[in-house]
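Shared chain: chain A. Partners: chain B in the first complex, chain C in the second.
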Partner chain A sequence: MDALTVPNGKKGIGGSILRNEDERLLSGRSTFIADISQPGMWEIAFLRSPVAHANILSVTKPEGFEQRVFLLSDLGDIRPIQADSQAKGFRRSDYPALANDRVRFVGEPIAICLGRTRAEAEDLAQAVFVEFEELPAVSDLSQCRDPAYPPIHPGWNDNLFLETHIDVGDVDAARAKAAVSLTRQYRMNRQAIVSLEGRGVMSYIDERTGELVVYSSTQFPHVIRTALAHCLNMQERELRVVAPEVGGSFGVKNNLNPEEIAIAALTKKIRKPIRWVEDRREHLIAAPHAREHRYEVTVHADKDGLILGLEASIDVDAGAYSVWPWTSPMESGMAIGFLPGTYTISNYRATARTCASNKSPMGPYRGVGRPGACFAIERTIEELAVHLGLDPVEVRLRNYVRPDQFPWKSAGGKTYDNGNYAESAIAARDLIKPERLTELRQRYADSDYLIGLGYATYLEQTAHGTAEWVQRGLPVVFGYEQAALQMTPDGMLIIDVPIQNHGQGLETTLAQVANEELGIDPAQVVVRHGDTSMAPYGMGTFASRSMVMSGGAVGCASALLADKLRKIGAHLLQVQDSDVRLEDGFVVANASGGAKISLKEIAVAAFLRPERLPDDVDPGLSVVASYRTSRDTGAWSYGTHAAIVAVDRGTGMVHILDYVIAHDCGTIVNPMIVDGQMMGGLAQGIGTALYEEMPYSAEGQPLASTFMDYLVPGASEMPHTTIEHLCSPSPITRYGIKGMGEGGAIPPPASLCNAVNDAIRSLGASINETPMTPDRVLRALLDAQAGSATA
Partner chain B sequence: MLGFELSEPATLDEAFDLLADGDPGVRPMGGGTALMLMMKAQIFKPERLVSLRNVGGCFDGLRIDADRSHIRIGGMTTFAEIECSPMVLQHLPAVVRTMKTLANIRVRHVASVGGNLAHADPHLDLPPVWMTHAASIRIVSKTGERVIPVEDLFAGYYETTLEGGELIAEVIVPVRPEWTSTYVKVTTRSAHDWPALGIAVSANLQGRRVNDLRLVLSAALDRPTRLVAAENELRGSDLDEAALKRAGEAAVAEVDIHSDSRGSAAYKQHLLRVHLSRAMHSLVGV
Partner chain C sequence: MQIIKLRVNGEEVETAIDPRTTLADFLRQHVDARSIHLGCEHGVCGGCTIVINGKMARSCIALAATMDGAEIWTLEGLKDDPAIVQLRQSFHECHGLQCGYCTPGMLITARDIIARYGEPDEKFLREALAGNICRCTGYAGIVKAVQHAAAQLARRD
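Right, the complex of A and B next:
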């Protein structure tokens, strides 16, 4: 990475300070699920379905081990996962904790097997005999409404979860007026969601409190507590959910898992500590998957590339079940809503279908829906520019929503808060220097390398609140966050938050927000998360919301605490409340050469020497505050990526020669952490663009179950990258912060596919599918060759 | 996972005694890097593993014959020992270069050259390199010993011609000062992927003229295989585009490549043409 951000001396908002959490993480001392145990704990292996679609005729437990194998009927009265969308016409799919009479995807859990070791439990699982009656497996989107395939769920007449439509403006008029109408088809194939640590659950009964304690590698412990209480018919006070150190999530740990319910129910029944640590094979085949979008997009434009109208047909394979709380139409709903992107498209007609199949359910993954939508619209814009013989950046500049048009109500039904999209495109163009292309192409003229340049502009809705989640029809509405602050008698600050930190650096950035309000050194601030017994209720970390939402809550709570500190400090300094300020861990009198008193002395008064307090101030220094954004339609980050690639015409291999990112996430709390998030997102975006794919056979068997077959980019695949930060503070959030955790992953499939097409266009070839494996790229080249030979 | 017995005999005779003839549950073990993965995946469930780490003798280390005609590499020599040997670097530089992209430093410090050959996974990088160097192996058993060319070791996918109780004692590599060699690990995806093709080429060149050569293809077939027809196209001719094109076509015609997750058969055939040509070019430094 160019111009690596370095510590800049600032400690509050805008400071590039090193992360508080790094010492324990980098030294390998922290504790993940696999590091946590209880005396007498049993290990679990799930018996998982080896077939994609079948009726279960019988299950026979191994003789002598009947008490160590548990089926759904052994778990008592529990409810299945019911992730029901409020959208009209949605078909529900009950997702049981363990499959009972039917299995619907390879990897679906059927039984829990207990052993003293994981190996013993796995041997036991292999000894369970299941008699299946196999059914035809739905393994491709084209089979969704094919009568040859029986409905996967009872009461359905085909395999469609939901079909939705958008029709705004007058598309027919736009079509009639258009100088050019272009239609293109795109595919973004199915992926696994790879976190370094897989999922995992450890649970036991705390006999002192009577609580059923569930440790889970999750992004939202409080929400899981609510869901488990519902599924297990328990009171929330009878449950404690703890997320320990979580080794990466990216959305895959943002669902209520059937495994969590099954394990909690079994612990409740047998009252023994049990633990499940997911292995890589389970993770790849049985954890929720992502993407699998297909698009047909038609753009209508005038001769200068001004877009007059947009039409789209979108199909998403959501797998076997609707996941809670997101529901199965989440991907297609985001795709249809985000397709108009950063452009002033006012005539838009689209259909989005969410199809069911005998594959692992589709869940949220960094970017959710938007990498597909961005791929489709940004490829289309580039195709339009090529068709008209115009510069692709110029065509974008003619169509972007302008800064004076905000708040912009998009044709997809979203409200964008602010930004300057043109500025990001121009910045990316200045960084990538398109004038280099001529020289590069000359340099590689005698080689097998074809050089191409591609751009993509993205939008990232972040920290969306009540209005957005209600519009999406979710069973839970994520509208706010809370934070609890308590100062200790020695003047340090403990912040308890219900959001979760699994790599985002939030223990540091929340401390920086506290520093902004209280002047306390971030090193003196402890941020605790992931435990329903410590923090007030909240929604967890996902959808790029925590810096805005939890940062806002910490800011509000800090401001309240600051008032009290100033009041006590002023009293102790014997000046008026209005004549003091907080600075570097002291309350300081404003008068020149003003006296000061440390936060520690104030804390001593507040906790240990209440006789020193003013009469109208209560002892103690604790605050709980709640925060929601001033408008709840989201803070919109955006940016433009640009890539230069070399395509080896001999092998189809794509090499990224240079990559630039010009992005705007509003006020930046810690630039160094933002750089890290961008690079991490970019790596996963490159994975989508070039490497990662979870193919299924016609029988519904997943064809990548180890890292030998499922390929993620490594360090050697990361390109030289330059990042430029732009800054338009959000008008709707405290401090003007916007979320940015997902943006890096959204446009790389589009920017790289545009670059590859730019490279191979001279040979008459094109590619519109991810991942762009060398095999696919070469096929595109050979097809073009064959086409021109026969033409 | 079922229990198993791990023996570490101190002599070759003890090792032979522990390797009960014909029992598929009893296996000799070199570094164990491949066996452990198979055991974890429960593909292989041994009753007894006989580790050869302590048998010593000719199984250990690297030597060059007194007449400097051959290098002898003990079957238990680790990849790292080979990678770091000045003698190998001097006489077999292509072997050292191959090591840099082979697995990772941890595996290279444990995996043994004999175990690697006996594993007979067609994706492995070293077997085609030994073949292109015209190497042989010395096989010992309780009843005697035999020396065979490396290519005669492989019988198919994970299959060898080793009889029960036979062990690979040494790899014997001729020193050929007039020859140059290279190995191309063709990964079709990211750098750490397994190869779709391994192409090992070795030639005795005079300018662009090919006096003699050995071409070996691995990974795309069930065993590393000499490309004899392609060799015949090039032997005695000049390395020009026409000859390389003929050799590429001959190579594609003489082997039966199958599709897998690393590419379709047609794609891998295409890669064979392209990379065979590029590998030969690299030998003459073009």
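Right, the complex of A and C next:
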């Protein structure tokens, strides 16, 4: 990893400039949600359900503290979360702000308790008496349509949110023609998301403006304002939502939370400042979870490994409720849509089921649906290669969509913009050097280590707009982004954006876009975000959209501002508008000699000395612009990962000896930040592959509630990694940028599982489940041993 | 309530506390030591790392009531410490942070590693950092930053 900082002299797009946001974070003095308070503020503890599924028969508040414990009935007229998919056949779940007559997962909030300290509030929560009538808990996907488990929501006849089908081309003909048909089953188990800072909300009434002010550690404050207004029967102008410094998110803060509604409603009622700071246990058991996919995949191919057809059956456990605005079928919808991956598969038949259970609801997590889909297709293609005795990269090369086939309409219903998938696979192969395997295997021949190599190619749809979100049937369509630019009278620039920065470096990269258009030093640019009262309306940061969408909006607004600056500058320089350019903080005349005038002098004229302006130019230097991509089916990043692993046959431990990434995210705005995102994503992908799991007992009890039993990768788990950047600028976005925040997390489960299987294949063993814990690897080895013993 | 008297960041603090108050909560609430970031409150993530009587420690699993007479430094009090100054610069230059939540704990841990081991090799350094969880960076920038700072400080000695 040598590419993290390579200053290349550029300050605009393409420059590895250092981050504007670092200084305050390095001081430790910035304000996360737990650092924000109001005089007289009360701390909150939620009373959460200790059981997975039960009717609530009664709730008794502790004597003398009735005014400090609040149930749903105490919060006034509020609406539940209704995250309704437009898909035909979708079954609705009403997700109440506080459970009223029934609880549906361990951790579901039942009551709000107020204390002067969190400890006092927790004491109170413990003193509330709840009488439950327990019901059978749906704790496994296999129980989804089992009549022994009554439906968890009223009006349902089993525990299925939605079943969808795809049937494209002629799969039966493909099957008849195929030289080989292989069927495999895969499992990607449930995990928590784990931002290092948990969720949190602080709210109060601003008695001057009359606003209900809600600070929330969220990725999309404007959208939360809209949702809260709906749930609380308020007008949006009566609400201000602020996202302060956000300590990591990765999707887990990208939902409308019942806690947000309950806290806002309670503040509105009691008109006192209150704050909830989620602790780790709450986060692990009650914040939205991720993954939990099961697949049965059948591939039909000719003898050379050319894929003729694909069949799949996909099951996703979406938990107890549909989360807003994503809806519960998001995971299975992404899985079924992305399973064909980078390949020219035209005959595709699949079924995807979104099942309900008594577990925490499934929400978006870095990669959303794609880590599972990538795992299933990339395991399958590697199995096909092994079965045919072919090189796995060669089999991929025979099947990739070719550069001359874009835009490619996939069998999954997606439209890929461009790329060169083969180039990424060849680059990854060149970096990992498969010829090393022989030598490595010899070196470890007398040890317990089994050496294996695995590849995985991934696709990352980013910055998808209107067409895609309409197709997915969401209640909100995230089609555009806005930016407001204002120059100050001293010639500096303030950019207000409704996206939210929580580690991605957007305060720097958006300033780099402004530099590209205005020539202003990025260090002179302030980017403000996360506050509905400062920025124009917008959708927030998720789905790898902000660099494209907000970058596009800042680019459009900067171009408009540049026109005005050039016009004023030309007037002050007494030359034609067309004869000047913006450069390094000046408007410069093109004519020889190059007379110039600083942005500061222009700003003085625009704000303080309007008599200096041309007659047809209005005072002020403020612009609001909106941006959407020219085609709104997404800009598609992609890449190939390759891993060499050593599997310890004695302990079942998997050690990653080397890891390489060859990826393409179009035009790169800041290579240092792209490398940082890639490495961070990789760490989370390795977590999914090897360590992270949220198991449940048969009674629906979550079995990992601390960092002692929920393992996230540490510094010593991260391998030596090489990253190579390829570049196919997107034809549909301003500057050719593609998003890339999620890509690092998508293929590691597939590449590592392929590598582990390559390592243990010589013993006749295989593994098709994540995380590949030592227990599971050992079991795979023992099963193979038992199999060969009985054979 | 219990009275404790201790020094925090060079200043004497004397106050009455609830005996069950953790040191982290006490420092955050009573001396505004908001650089203490709570990520797990059970001693695993390292976000609350501070210096107690010269030794690196986790403030979330210590009770304030046991700190009578202690000498405590948080990142606020170490802002001019030469190692911290260098580490901040190195974290900036090597992209050693993203969201910034783990950062104060990382800085204090790195300061301790450098003070005890000088310029450790990468493998040792990664093991030494294993008690601090970062969920954003994949540790690449952090490891590079600590190595960079260690080299800069060694050159100065």
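Here, the second predicted complex is superposed on the first by the 787 of 791 C-alpha atoms of A that agree within 3 Å, B and C clash if a C-alpha of one lies under 4 Å from a C-alpha of the other, contacts with A are read in each partner's own complex, and residues count from 1 in each chain.
To be clear about the criterion, a contact is a pair of C-beta atoms (placed from the backbone, for glycine too) under 8 Å apart; a residue touches a chain by one contact, two chains touch by 3 or more.
All figures in this text were calculated on a predicted structure; none of them were measured in a lab.
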Review point. Once the shared chain is lined up, is A:Thr651 touching chain B (first), chain C (second), both, or neither of them?
Key: first
Point to revise | chain A: partner with more touched residues, chain B or chain C | key: C
Check your understanding: Touch check for A:Gly714: first (chain B), second (chain C), both, or neither?
Key -> both
Practice item. Considering only touches as defined above, state whether A:Leu196 meets chain B (first), chain C (second), both or neither. Key: second
Review point. Just chain B (first), just chain C (second), both, or neither: which does A:Ala119 touch?
Key: both
Check your understanding: Which of the two partners, first being chain B and second being chain C, lies in contact with A:Pro610: first, second, both, or neither?
Key -> neither
Review point. Which partner does A:Pro403 reach: the first (chain B), the second (chain C), both, or neither?
Key: neither
Point to revise | Partner chain(s) touched by A:Arg779 [first = chain B, second = chain C, both, neither] | key: first
Check your understanding: Can you pull the chain A residues that chain B and chain C both touch?
Key -> 119, 708, 712-714, 716
Revision key, fill the gap. Seen from chain A, its contact residues with chain B in the complex are 119-120, 122-123, 448, 650-653, 690-691, 695, 703-704, 708-709, 711-714, 716-717, 773-775, 778-779, 782
Review point. Chain C touches which residues of chain A in the complex?
Key: 1, 4-5, 18-19, 21-32, 34-35, 117-119, 194-197, 245-250, 279-280, 502-505, 672-673, 675-676, 678-684, 706-708, 712-716, 718, 721, 744
Practice item. Using the touch definition up top, name the residues of chain B that touch chain A in the complex. Key: 1-2, 42, 186, 188-194, 261, 263-264, 267, 270-271, 274-275, 278
Exercise for review: Would you mind writing out the residues of chain C in touch with chain A in their complex?
Suggested key: 18, 20-21, 25, 28, 34-35, 37-42, 44-45, 47, 74-76, 79, 88, 91-95, 97-104, 107, 123, 125-127, 129-144
